[in-house]
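You will see chain A twice below: alongside chain B first, and alongside chain C after that.
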Partner chain A sequence: MVGLAVFAVYPFIDVLALSFSKSSLGRPFQKWPVAANYLALARDETFRAALVRTMIFAIPVPLIEMTLGFSVALLLHSSLRGAGWIRGVILLPLMTPPMMVATAWKLILAPAGGLLDGVLLRTGLLDQPISFLGTMPWAFLSVAVADIWQWTPFVAILSYAALQGLPEDVVEAARVDGASSSNILWHITLPILAPTLLAILLLRVVIAFKLFDLVYGLTFGGPGFDTTVAAFQVWRTALAQFDIGLASAQTIIFAILVSLVTLPLTWLHRYSEAHAG
Partner chain B sequence: MSLLRSMGLPGSLTRRRFLAGSAAAGAVAGLGPWGARAAPNLSGVTLNLMVIQPHVVGGRMVGEAFEKATGAKVNVIAVPNDQILEKVTLDVQSGANVFDVVDYWYGLLGAFAHDGMIVDVTDRIAKEIDGSAFLPILWDPYTLAEGKRWGLPYDGDSHVLFYNTEILGRHGLKPPETWDEYLATAKTVTEAQKGNGIFGTVMLGRKEPFQIGCSYANRLCGFGGAFLDANGKPLLDSDVSIASAQAMLDVAPYAFPTPLETGFEQGLPAFLSGKAAMIEFWTDLGVNAQDPKVSQIIDKWDVTQMPVGGSNTKHRASLNAGFGLAISAGSKNPDAAWELVKFGCSPAMNLSQMVTPGTGIDPVYKSTLESEQYKKAAPKVQAAAQQALNGALVWPNGAQAAKMLQGWADQLALVLDKSKTPEKAMRDTQAMWVELLGG
Partner chain C sequence: MMDARKSRKRPLGWFVAYCGAGLVIAFFVLPIAFLVSVSFKSPDQALSGHFLPGRPTLDNWRDTFQIIPLVRYLFNSVSVAFFSAILTVAFAFPATYAMVRLKIGGRFLPAFTLATYVAPPVVALIPLFLLLRRVGLLNTLTGLVVVNGLGNLPVAFWLLSGFVRRLPPEIDEAAWLDGAGHITVVWRIIAPMIAPGLAATALICGILAFDEFLLASSFSNDPSSRTLPVAIALFQGERLVNFGQMAVASITGIVPVYLIALFAQRWLVGGLTVGSIK
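What follows is the complex of A and B.
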């Protein structure tokens, strides 16, 4: 209980109180303008757009990662030759520090001297370089691609671990009964693994909502505000503009949004656990 | 601001040049700010000097010379230049109190002072410092906030226009005198040589005040504008303010691709490798452009004042960036920290750093700006810096400046992104500034 109070309740109350105050980084709680920060947010198109953009990112991107990651896990599970070293290699993106991931992709996507533009120009697919990080929709897609590259291995490894726990006798019995691989996948594997896969998806959605480092390193929220997601906007307000009161209000609104979006996933997870197998 | 960070080569300059710089700083150790008096004995005292990353080499010079002079131990701690206030505030608020001396951007001076993160040194300055020795344009903006003095000028930054003589010569072009000529020059070079990877200009357009803000401020000066009027009222919806944003938008298609992605890290290597004909940059680039370790344009560059525009005919520079040293509110030894502030900002140390490549330090004294050593080390730049620092445009630096400048940088990015017209963006900036300044 003490731990919960120290690590969860106190920070929440602090952020909540800050959100109703005029606070700078150095001088918190200067005034209590009550709802001024929330009223300012209601008028703030930039923050609203950042929330929408976050949802556009945080829902489809984890779904793509789930699809790719689970497919890789199935391949590894099906006694693929060299699966051992492949498991090691695919973990590399996950183990790379996020700012290094951003730096690597920035070098790949740079319009002058970038690897991708260079290849496309040399092969004649382009006659002039594309500014992948400076124009839309490329900038948003680039962040998504880098995120998928970084996090798909996470999904793959967890899914692979889940597949290892699949009861072999059930699968064997289905095979003996003449079930095809696709039938086994849809009617045995996925139903049994659903609670685990939904837990992985939930985890990824929550992490994707908090996207910050790739945006910071790749686009700095640009071009314009086109890749400014909520976490990046909160950071800017707090640590570039030093308006801690407003940043706290943004954090509260953002937390409510994340809760609302992930609530159905949580219910689905509970339902699948209750009805698994 | 320094070439080091811009080049992404933090280590390449440090060893040999630092040793050379240290030798110069060793001479400074004997001079310091104490004149004929003996240097204070600070044996057993340890001081932590927080510097921005571009000032690491200069900070080490200060630290080493101060150690020799006083016997104190100085640890130089580098932080990213966009995280100064954050680091100091968290240090003081957490009670960690690691930093004794802080390398602050003058644009954040009001915020530092308002939040009580640095120590009021009004009385110390009145007793020990001759403020008139500093460049007059720097003295108040770098030290004065809320009616008190908080530190001493350390790095007097302003932009000048560097150009590649070989590229311009190839096209029969002269360095631009006006922003229209600048646009024409950039267009000519880019259209002719884009296929070879050579562009007419580099425009810093990354969405940070230090980057896109500097590009705008250069044009605002050129068009004869200002940020605030004499009463402190914002002027960003004036015709010249809008024209300045328009000038950025006009040149963007001919700049090193793409301006919104271009910060020091991308722009400077492009210029030093001969891939860009022009760049607006800090004066210390002139010392580094002759260095074979980082430059491929040795003796192929020159420098001139910022162009003028509209009906304005008077060249004027902007105080883009610029830093001072102050005592952190968390310092456990403010008296010793003050000695380090005075030492780091002394004329001898300023000159020593100005002529050492990689320090990122520019003149803050009239005497150092006009010194023979500086003229000898950077003859082209010295003349340009002398003109630039005469009556340069000061950026807002009150308690609200951080928010004002970030919001302004955002709006400029929207102009380059073509999400907003220059007129709309500047009017929105004006409205935001008026609100923040309580107008």
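What follows is the complex of A and C.
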């Protein structure tokens, strides 16, 4: 446990110290121009844009995944034949290494030989191939679609487990009273599950902020900087430009942003837990 | 009256449900199916944009294993996953027991442990790099085992606390009365009782380590410790990308986790869901 504390605290202190210093990857802690990195960031349009982009990704995409994932969970929960099949199949995207997810989607989205362009050209919907990964807004949407592919199953599996824990008698009573399926969903199922669903959403938002692999594999932050999210920007500053002082300052700002977004969600979760029957 | 409405609604409802199910399966299978298909295409077929290979060929499967040391990378990935999973569970299980049952650290430590998971891994990238370099573990499998093993501790804590909480506290109390120490209780009594939970946690943490890319790519720049995701990223970066070979390399990296999914589906789903459902 001491190990855990050291493992968690040490990097934080190290990053904080680095962020106040002029450090390269080869020679950390050369000078201490305490605020220089932060002042540089305050003027840095690229970094600010990366933060905004991260937000544009990390909030809507999990919401889409929640909607889709919960719908899939409802499908699994209905006494549909073949539900077991879906359950087996949706586990796969979740387990696929993200770099391989990127490869698979790259094959579909590639301008030359990609499946999507191939189909669109053959059906006559397109005259010329679109470079989905090289032009906006397609590049950003492509990363989002690959992420939805990978993470919707996560939401579906957790929501499905929550649905199975639903008290049967309440639902049954409502049905006997003549409530329609959609009424039961909106007025009974969703309110009861609200705390759990919020917990799942919170977890998904937290994970969405970590987005790196798909960007690296699909677009490498491009075209230009248009898909460069915060994690990718920090990585680039640290390990491609070797300025770890500046990268540390970026890290601190990024960590603050993540906290600012996830804290309200945590409060909301606590509130819903306290007020759910 | 109600019956009539039900029977009128039902066929349509089922139709929608089945269409939905079909779409769901198609969406989730399509990229993997296409990946498999491309692995059997010759380079010019791979550029055609058709779903199926016109004339399937095994060339990619033969060549890729000769061009890059895929077996070596696979071995590296599996080793990192296996040993880091053991490391994670060996640390996380006693720690979880101490926090959940013995209330060590009060409310703060469990909350703190989970909070460390909120931080994106890129936050730890720089300090870990400097640390590994100082102790000479850059470009080693040991380094990756340690980084992944410790990095997955919060996840393991989250999963295991669900399993530990389910056990009735009378069990530990009875053991203490019989004179058993904490270590005996943890490993001899609690561990066998939550064995499925430990297995699920180890599997999930192993898969996380297997899939991990950011840290692996930053801390190992050497074929001897390169993992599969890193190898595939490098392969992609090469100038002349051969789609078929890229597909073969990717499938090689996907098969191990899919085998686990196939044989341990129940444990995985149980492990994933126990933490979030109370």
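We take it that the second predicted complex is superposed on the first by the 274 of 277 C-alpha atoms of A that agree within 3 Å, B and C clash if a C-alpha of one lies under 4 Å from a C-alpha of the other, contacts with A are read in each partner's own complex, and residues count from 1 in each chain.
We adopt the following convention: a residue touches a chain if its C-beta (ideal position, glycine included) is under 8 Å from a C-beta of that chain, and two chains touch if they have at least 3 such contacts.
This one's a predicted model, so the numbers in the text were calculated from it and none came from an experiment.
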Partners on chain A (chain B, chain C) - clash or fit: clash
Chain B versus chain C as contact partner of A:L133, first or second or both or neither: first
Contacts of A:A112 with chain B and chain C, given as first, second, both or neither: both
Contacts of A:G217 with chain B and chain C, given as first, second, both or neither: second
First (chain B), second (chain C), both or neither touched by A:L239: both
Superposition-derived comparison: chain B or chain C, residues of chain A touched: C
Touched partner set for A:L41, first chain B, second chain C, both or neither: neither
Touched partner set for A:F225, first chain B, second chain C, both or neither: first
Contacts on chain A seen with chain B and repeated with chain C across the two complexes: 25, 110, 112-113, 239
Chain B contact footprint on chain A (complex, rising order): 24-27, 46, 110-113, 129, 131, 133-135, 220-226, 236, 239-243
Touching residues on chain C, where the partner in the complex is chain A: 2, 13-14, 17-18, 20-21, 24-25, 27-32, 34-35, 38, 46-51, 91, 95, 98-99, 104-105, 109, 112-113, 116-131, 150, 153, 207, 210-211, 213-214, 218, 228-230, 232-233, 236, 243, 246-247, 250, 253-254, 257-258, 260-262, 265, 268-269, 272-273, 276-277
Residues of chain A defined as touching chain C within the complex: 1, 3-4, 7-8, 10-12, 14-15, 18, 25, 28, 71-72, 75, 78, 80, 82-83, 85-93, 95-101, 103-108, 110, 112-115, 117-119, 121-122, 149, 153-154, 157-158, 161-162, 165, 178, 181, 196, 199-200, 203, 206, 209-210, 212-213, 216-217, 230-231, 234-235, 238-239, 244, 247-248, 251, 254-255, 258-259, 262
List of chain B residues in touch with chain A within their complex: 82-83, 85-86, 89-90, 92-93, 111-112, 114-117, 197, 206-208, 256-258, 260-261, 266, 270, 275, 402-403, 406-407, 410, 413-414, 416-417, 419
